[in-house]
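Right after this note come the structures.
Two complexes are shown next, each including chain A; its partner changes from chain B in the first to chain C in the second.
Now for the complex of A and B:
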């Protein structure tokens, strides 16, 4: 008897909730314009697997936040697979995707080759693939991400300006790459090299890989600075690892003397680093933009009847060059903002 | 008998306590841990991980198992040789990189690529092996250094050549087959692993080098003393490990074409976890291919399932770390305590009860009344015999006995003043029987039934019998043959006192009082042995009756003599003929007057008798009290009794002073004298028997006058 009493309010709450839902549906009806109901229905309950190379940093958390916001609004499900930088784990997760056949795969591949075979298999299994920020040799349905070549060129040119002819500087430049097999790193370096090729006064004194880790970047730069006290500039492949170089420059007492160019998603910390002089030149492929791009594609794919593997499309994000001079409150975003209204 | 006592008896009859100890003493019990772990893993993840048991998932896992399995088996060889190889992960990475560079970068053919990979892996293994095996550096530090150096080489190479590897090489089909193909639905790498597993198992268990590896890991010094080339063995173990990693790297390269310098990071931890989880001892010497494969499967299932479950960053490594910790704890505790646990649970006493002991007081008037008849025995071989368990005479009247050194000693007739080593067998000769050709058939402790003919040639007759159907222990091997006699048809019946203990553990069997012994018949015509009676309580002396139709045997701890009918209407049946002896009967032999002599090796004591009804007490004693301080039979006094054919006790002969013949294990009548042996005595006694037939001898009694 007592527990029937306890159940009563629950029943009541359930009934109310159902009523409210029904009402809202009823209210939605007048908005019907020939697409509204159909598109919502098409997206509802669909499964999107989101697989970054690791969670836990601005880009991957930002993309996830954007996806989740739209997922909550439109009713599709975001399933997260986190290989945590481990390519083997990533491959296993990819295999799981091929088996589970979600409606869409949003993946940030760690390198050019590892996922290639499985991306193809996923497409063959009927799963459209959106690759974010890095491309595999297997071409996805859509690529969304930074224009790494343009970033390399932008940073290269900024460095040439600072260290090249007429600057009175040594012209010595160090490049700190990311993961050697990662397209983000490979393509960027290609852009940098293409610029430097036209400027023989620029001497690349060090070209090493920090594998996306600030501690490696820090130790590389510390050594490079000791070997080349007159180093003019450093180009870092990613802001996440560039803080290692920035600290090394700071510790060597050379802040302001060594030009540090890097790039990233434009999170608040990056702008702070520009403001405090740690980063001299920063190229932002704005994550806020990317979130919108990703979500637009997700929505298209969830509604459309695309045959996976047939379309070869790309949305390269525009770059914003940020320096102390043009820095504004709107140059960067914070994770809280993205979580609140990103995507 | 009280109800409580009945309950105890019932409990010990119904619950076979000894099984636990016997299970624990099996060598496959080690494999049980990883096997049950695998079962638990499968059950847990099948319940919580999506698609765990799907064919695709298992096939994916199988492909990875192919790679990790190679590394783990290689590492196992090193571990079993007593070393450790931390460089497996970086060798794997190096070979992966080299494969990609050779195949994708340089466009070499696949077979050459494979050889290059093998060569590199073998090279690093060789360097490890040279440093550790021949220069005797510490394995841990050396391979740690190789790990770092090789990793650095891969990183440098990746920086220089990395980009070139994205190129497309010719001959893709073979490449794709290695990385993605299946043979009869089984992933290629898994097939390769299966081949390696079989080869590895044969290598470790059947090959000379494999045995050397285990011997070196088990005890380096003993291996050296045994003449095993320790350094070469250690060296080769690292080379093998390097080669295995090379194959794994090659397979990985074909599967993922991932030229990253981070390939193989942490693989050594995974392989080590797999090995330890499988029960490959970090101390060396213990392990097998099947175990490491079980361990590898568990590790892979865990990591794959955790990834499939979408565990957040770090969670997978964290759980794998916990598993490794658990595995190491189990390994250490198990290795350390297995023998201890075994020792604790192995001895499992059971309920037994003896009627009140008949009086042996001098003035009791009992047939067992103590006397000093044996004190007049003259010594033979005083202070020269050592371990004369039994004595026997051939047709020429020479006396034979055994020695602790593993010899059959002969004392020459007529005065037995001179002795010689008649033959060397190697194990301690116990009970003997002589046949018509004067061949001495002798039970040898730890070896079985042997024959020594008059040309002094030693021949093995039997060292195994049929295995009993439901035994957990393999009881086909004969460990403790005790006494033998020959039936008229030439068949030899011999007793094996216990199948659960060795001779030096006889007291443990006495504490158990479980029917652990048996009587085995050896048929010389077919050269085969069969167990004819089992579950006997320490069967000891055995004697074919005067008429040759039955067999008398003594069950030592049960203090009784039984008859086993060889022929006649009761053939195959056993009847107890003498019960409740005041001591523990040992050998039985014929007497000239148609009766039988029985040696009692020691006397019963009230405390020990009482404890027979308290199996729990005896178990606690076995567990908590040192072997030397257990309650023992009174071994300071023995005696000889004579029983009639129907089992009636007729006479007893004592040395109540315990000076000349304290513990008596055998006696043999020969030409009017009784010759007395004791396994711990320093002499053989000769006691004239006033009323005995001086013409009677054993061979004549058995085989007729000659």
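Now for the complex of A and C:
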């Protein structure tokens, strides 16, 4: 008898739970409009592999923060594979992706070729591929990222304006590339060279690669400034490495005399560097925009029935040119903001 | 009289060029070549900036040399530098007083050296494997627990730090002076202290050193602790010169550059040979090479080819001049 008594509340609880579940199934979504329930259900529990070339810097952390925000809202899972600049580790992680077959791969390739073969294999295995910021020779389903050519052109034109005809300057320019096999660097330099080809008064006195590291950029720029005290401008392929050049210019006592043009995702440090005169001209491919683009594509791919490898689409991020004159509180973002509400 | 001459003859049978001489000569030749080919090379200010750009590499090479002379190798030197300094910058940026942050950074470096030294001296694991594994461990541990950012910037308040990196005393950049000072200290340590002499003894023949009563294990531990702490110092110089510490340095070819300086300078990888003069000669040669190639705007890939060939040449010369001692060679030696 006591046994039955003890069971009573349990039975009651079970009945109530069943009733609640049935009711909620009948009135599944608060605003069923023919898509709501279906789209949420399509995304829930899906697996998205996110593979940057390394975590730990503004761009890759920002993309991840945006993805995570939407994943938390929509219930898909973000699996992070961080090869940490190591291409071998990256290739292994890509092979794992081909084996594990997640629902989507979001990858930032380190260079043009290393992942190409594996990106094709992933597509053949049924995994759609979104490439971020850098393209491989294998064409992904979608490319989202900076328009590197336009960035090169924008910085090239800014330099021509500052150092070209009528400026009274020497016209001597140094280019500090990133990693020479990285599309971000290659395409930018192409843009820069196309602009300079129309301006014979501009003379590229040095064209060296700093492998995305500030210390290397620092020693290159120190040497170049030594050789060319009348250097007019430096174009750096990325803000993360450009701080090296900025320090070299500062140490040579030439801040304000040498025009430093660079580009990046528009994190707060970059705007600070524009404000304090370290960067003269900054092209921002706004990471905030990219986060939205990436997330929109992720949502489409998780809901849709796309056949991987068939669509060839691209979303090039618009550029914003930032100088001391047009700098505003809205020009840049902070990591805390992106973590809170990015994507 | 004739006996005296005979002794002198025995001591100096006939003059043979050592690697140090060859390096010094090569450096001179390169200097003349670049002075002719690269515009802007032959000027006092360029030579000064040339030395500045390799001074950090030079300090790392000093750290490496002390280990190599004792017949070891420290492949964890770059991760040790990066993690200890990136962590101390993180602490400092988080509001910790500078001296405390630096002490903690040095402490971490010293502990890494201690662990490595212990494994090599007491657990008898060959240095090359110990330090290779330790490098990966230190980097992984640091990335996971200590430092979250890829590039760690010095906070704005670190004015003094920046000053140290950019000041010049009598036209000589402070970084070059620090390198000079370190070189002097290492030289005095190696030549005039018992521990320094023991390192040579140990490198020349570890078994004989042990039989002679030298506490070989303590000296081995000392070498690795010294190397790690010096590496942390080189990291502080980097932070002072570019206001930041980039984690990506670990993935760069820096460790090869360090070995290049050490080997090219003529410190035999078989141990017991060479000194600080060799490190300076090697550093200057690499400095001239890099600076000259940058001034001539030689493409990056070609620069690597040149550097690779020079390293290869240096190793060949090293093997010819310092042949392996069959009696004392052991497995794990390089």
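Note that the second predicted complex is superposed on the first by the 314 of 343 C-alpha atoms of A that agree within 3 Å, B and C clash if a C-alpha of one lies under 4 Å from a C-alpha of the other, contacts with A are read in each partner's own complex, and residues count from 1 in each chain.
Here, a contact is a pair of C-beta atoms (placed from the backbone, for glycine too) under 8 Å apart; a residue touches a chain by one contact, two chains touch by 3 or more.
What you are looking at is a predicted structure, and each value in this text was computed from that prediction instead of being measured.
**Q** Put the two structures on top of each other at chain A: do chain B and chain C fit, or clash?
**A** Result for chain B and chain C: clash.
**Q** Which partner chains sit in contact with A:243 here, chain B, chain C, both or neither? Use first/second/both/neither.
**A** second
**Q** Would you sort A:226 into first (chain B), second (chain C), both or neither based on which partner it touches?
**A** In the superposition, A:226 touches chain C alone.
**Q** After superposition on the shared chain, which partner residues are touched by A:311: those of chain B (first), chain C (second), both, or neither?
**A** In the superposition, A:311 contacts neither chain B nor chain C.
**Q** May I ask you to decide whether A:56 touches chain B, chain C, both, or neither, giving the answer as first, second, both or neither?
**A** A:56 sits against chain B and chain C alike.
**Q** Which partner does A:209 contact after superposing on A: first (chain B), second (chain C), both, neither?
**A** A:209: touches chain B and chain C.
**Q** Determine, under the contact definition given at the top, whether A:193 touches first (chain B), second (chain C), both, or neither.
**A** neither
**Q** Kindly classify A:323 by the partners it touches after superposition: chain B alone (first), chain C alone (second), both, or neither?
**A** Neither partner.
**Q** Applying the document's definition of touch, where does A:269 land relative to chain B and chain C: first, second, both, or neither?
**A** second
**Q** Name the contact category of A:296: first (chain B only), second (chain C only), both, or neither.
**A** neither
**Q** For chain C, sort through 127-135, 199-207 or 271-279 and name the stretch that clashes with chain B after the overlay.
**A** Residues of chain C that clash with chain B lie in 127-135.
**Q** Could you give the residue numbers on chain A that contact chain B in one complex and chain C in the other?
**A** 54-56, 84-86, 177, 180, 207-209, 211
**Q** Mind listing the chain B positions that touch chain A in their complex?
**A** Within the complex, chain B touches chain A at residues 50-51, 54, 56-57, 60, 64, 155, 158-159, 162-163, 165-166, 179-180, 255-263, 303-304, 307-308, 310-314, 316-317.
**Q** For a test of understanding, state which residues of chain A touch chain B in their complex under the given definition.
**A** Chain A reaches chain B through residues 54-56, 79-89, 91-93, 95-96, 98-100, 110-114, 116-117, 137, 177, 179-181, 186, 207-209, 211.
**Q** Please name which positions on chain C make contact with chain A in the complex.
**A** The touching residues are 38-41, 43, 45-46, 49-50, 52-53, 56, 143, 148-151, 153, 165-166, 238, 241-244, 246-249, 251-252, 290-291, 294-295, 297, 300-301.
**Q** Once bound in the complex, which stretches of chain A touch chain C?
**A** Residues in contact with chain C: 54-57, 84-86, 177, 180, 205-209, 211-216, 218-220, 222-224, 226-228, 240, 243-244, 247, 250-251, 269.
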